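Note that chain A is present in both complexes that follow, paired respectively with chain B and with chain C.
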Partner chain A sequence: MADFLSQYSIQRWLEMCPQGYLEDTVYGHSPELKEPDIVVDNELLREESIRTTVQLVVGERCALAASSGLVNAAPDFPSKRFLATQTLDEARHVEICTRRLFDLGVKEEDLESTIDDFVNPNLVKFAEVLLEKVSDGDFIAGVVGQNIVLEGMAFSVFEMLEAVSKQGNPKFAETLSGTIADERRHVGFGENRIGSLIREHPERKADVEKMQAEMTYHMLATFSDSFRGNRAAVEETRAIAVAEGAEADTAEWHGTDLASASPEDMEAVLADTVLGEFKTRLNRIGLEYQSPPVPA
Partner chain B sequence: MSEFNPHSLDEDEFLEEVHSVDFWFHAVDGYLRDRTYGRIEGASHPDLDDTDRDNLITTLCNYCIGETAALEASSGLISIAPNRHSKIFLATQVVDEARHLEVFLRRLRDLGVEDPESEISVRANPHLVAFKDRLMELVAGHDWDAAVFAQNVVLETMEYTAFRAHMSTADPATAEVLDGVVKDERRHLGFGENDLGRRLMAMPEKRQRLAEIRRELDNLVLATFEEVQDSLGADRSRRVDLGSEYLDAIERLGLT
Partner chain C sequence: MPDSDEPGMIANRIEKVRAKREAGSERRHFELDDRGFNEVPKKWRKFYRHWEGDGDTLGPNEIICPVCKVVIRSVKELRPGDRLYCMPCMSRLLVVEADDGTLTTEVVY
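Moving on, here comes the complex of A and B:
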């Protein structure tokens, strides 16, 4: 364990992150990049971009609250130290996603009301399940919920959004790229650290698996709302974006062309990818993936 | 081109700028880039004699207690911070405090301490441990004003005073490590002073409560200074008067 945890020193994090892939960026992207005019000027595109970004802000706020809340529950200094770096990573994600809302025209004084208006209530429930474990000081459940479930979901969502944005919105794609690099590190810690704790505390498996099923339920409901609930807006938005060059002509991701796929197909490829990752990663730490009921 | 001066910004822009992760990246880059675990790469320094080494181990063990308190308190404060700027600033402080702990633990290992955690519990000053417990009580009680005062004003002033005094007499390797830590502490102290100054201006009745907390914590800080210096065998007539320096620094802030 000591060898693996030594890979997560602050020194290494400084060299890899601020002095590495974030070097010369401003709020996560090259200083000269900005939101494409079409995204800012077209009301429908702007609203959809705000809606998407609000979900990211809410997810990252949850991750910030969870990682900082877990520092005190961590059983050893190397874990506290890793969670300290994760706390800063998540704060940076909150910051860059919030900054994107401002770039999309949201006024500072309207930030909280905009988030309240656009946030998906299922995502809020997802966060509540995790934060309850954190506030109970439950390190094992907290890390599984945060570093396997939440980060696993975020990782795939960011990858998907990056694939869609790469051609038409390089600023957003660059912002996501740095975030994905952070999330990869977080998921790695979760797998490595919790595996040994689960082996030491097999009696915790059932409770942690129950939490995973609950979080998965709310996650799938969030996906369902996002892709199907506003189908007309999504399709119109995509049509305008493709026509105006703000989205890729093709955007291949896990075998699906995101630029032409129906909302159902996009939801399916995202859900399959995330659940596939959950199964693999949970299995690695000695847990069995629990299927949630299918959201109505 | 003129140099960027954040103090030329209005209040909201100032907070947006100065309490950002981006600002932090640039701030620490200036003094940490060419250092590894707080040390200048390639620099070699002579070994210490046994007495100096043992005294330094005692001192560093107590620094680790202070930094653990700061790490746990700053991370605990994020969830009760009243606004997003404060949450973001505290996240940068969390990683600073974890780095301080990392570099002090590293220095302990350099000095031959194989199990720093055990050594820390053996050499812990009880007043400092009591301070940590009280700070964590304030954080757990979601008492934002009192906890920020205890952490970002009292604890940071105590550390700043001790580290600066120590830097002037420390061996070169320890002085290098302390140099980066002191620069961080100045930023943390600035946050506490700024946040509380603002809140006290809006709610002056809070001043009384902070004065009570201060009286309680001052005793623990002064007792810690005395006992640690006693344990190091320092001659009373030749000691740096850390207590007076600390009291003067707190008084100058004008928060109580």
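Moving on, here comes the complex of A and C:
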């Protein structure tokens, strides 16, 4: 077993998270911050904020189910220990994203029906591919699906949302910032643990790469629905948000000004960034990125 | 009068001087300040900072972690062969020279 596993301690996690960047926060943000009035009062902005946050809740629920399921599948105790800390990270993400739904006016008794109404079905399929591997007890596929594919996607999506929110919605931006800090450890674990395991089990490569292609297909379909398939709402909400100061009038991210880019350009820069990261990360650990069929 | 070994001796001396100069070209040292990176325990925070995006530049003692994208900062100028640890993502890295002569890192698994 690689000795790097010894660093995965609960003590280190305590020092970095609860006693570090989460110190003095409430649900992931400074206690005095709240959603901007325009986001809560404008029905279109509110609905689109709920739509976005529902996808985050569903993604984080999947991550919670996967990381907790992988604890029992892990072949060594340091990995179990790390995944236990990741389980708590993911549970926190579910909680803070759910709390945002309440802050946006969703009633507690309407939570599940709101999620059902707004969730993107392609995101559900994405989660199902991963959770099938986890329920089979497949540690290698599960960690690649969870800590490289899902977390790699989340890393870029959160960064993009943070860039858009930084100026106009510091509460949401702070919540995302703490989540991104958690994701750094999760992708680090994915690469480091699987980087060594895949060398010991090269026979697993084909199956894992097939899962990656399936997950990537559903991810791209989710992006397509969220931008091109939701064009009018994307453009209208952005115009209102920029005019009312709830979004920056410029928000540069990977060379694209998100405040003025078309929905197609926003989808393209997000997909390009995520896929670029997938290729680089998979290549580093000895896997070859598999292109999925392009969603219709 | 120089003896017959002179050319070889000079070449040898030049090599020694060159090696000495290279060995003597001490790495620059840097005083690190806390840049507000709060994702690691306090005593290690000065060794990291966030990448600020377009317009940001790396110092000779800095390099980006390829796994988690934070900037790792060293108290001395970085050179190929240096080993680094990225605490935010817990990755071990080796500094290498890229084809274009810039420094980059490889993840050690």
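We take it that the second predicted complex is superposed on the first by the 293 of 296 C-alpha atoms of A that agree within 3 Å, B and C clash if a C-alpha of one lies under 4 Å from a C-alpha of the other, contacts with A are read in each partner's own complex, and residues count from 1 in each chain.
What we mean here is this: a contact is a pair of C-beta atoms (placed from the backbone, for glycine too) under 8 Å apart; a residue touches a chain by one contact, two chains touch by 3 or more.
Just so you know, these numbers come straight off a predicted model, no measurement behind them.
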Room on chain A for both chain B and chain C (clash or fit): fit
First, second, both or neither for A:Arg284, with chain B first and chain C second: second
Which superposed partner A:Leu33 touches (first chain B, second chain C, both, neither): neither
Partner chain in contact with A:Glu108 - chain B first, chain C second, else both or neither: first
Which superposed partner A:Gly188 touches (first chain B, second chain C, both, neither): second
Chain B versus chain C as contact partner of A:Ser9, first or second or both or neither: first
Touched partner set for A:Val124, first chain B, second chain C, both or neither: neither
Lowest inter-chain C-alpha distance for chain C and chain B in the superposed arrangement, angstrom: 12
Touching both chain C and chain B, counted on chain A across the two superposed complexes: 19
Parts of chain C lying in touch with chain A, wherever the complex brings them together: 38-41, 53-54, 66-70, 86-92, 107, 109
Contact footprint of chain C on chain A as seen in their complex: 2, 4, 7-8, 15-16, 19-21, 181, 184-185, 187-189, 191-192, 195-196, 199, 252-253, 255, 280-281, 284-285
Interface residues, chain B side, partner chain A - complex: 12, 16, 20-22, 24-25, 28-29, 32-33, 36-37, 71-72, 75-76, 78-79, 84, 87-88, 90-92, 94-95, 97-99, 101-102, 105, 117
Residues on chain A engaged by chain B in the complex (per definition of touch): 9-11, 13-14, 18-19, 22, 26-27, 64-65, 68-69, 71-72, 77, 80-81, 83-85, 87-88, 90-92, 94-95, 98, 108, 111
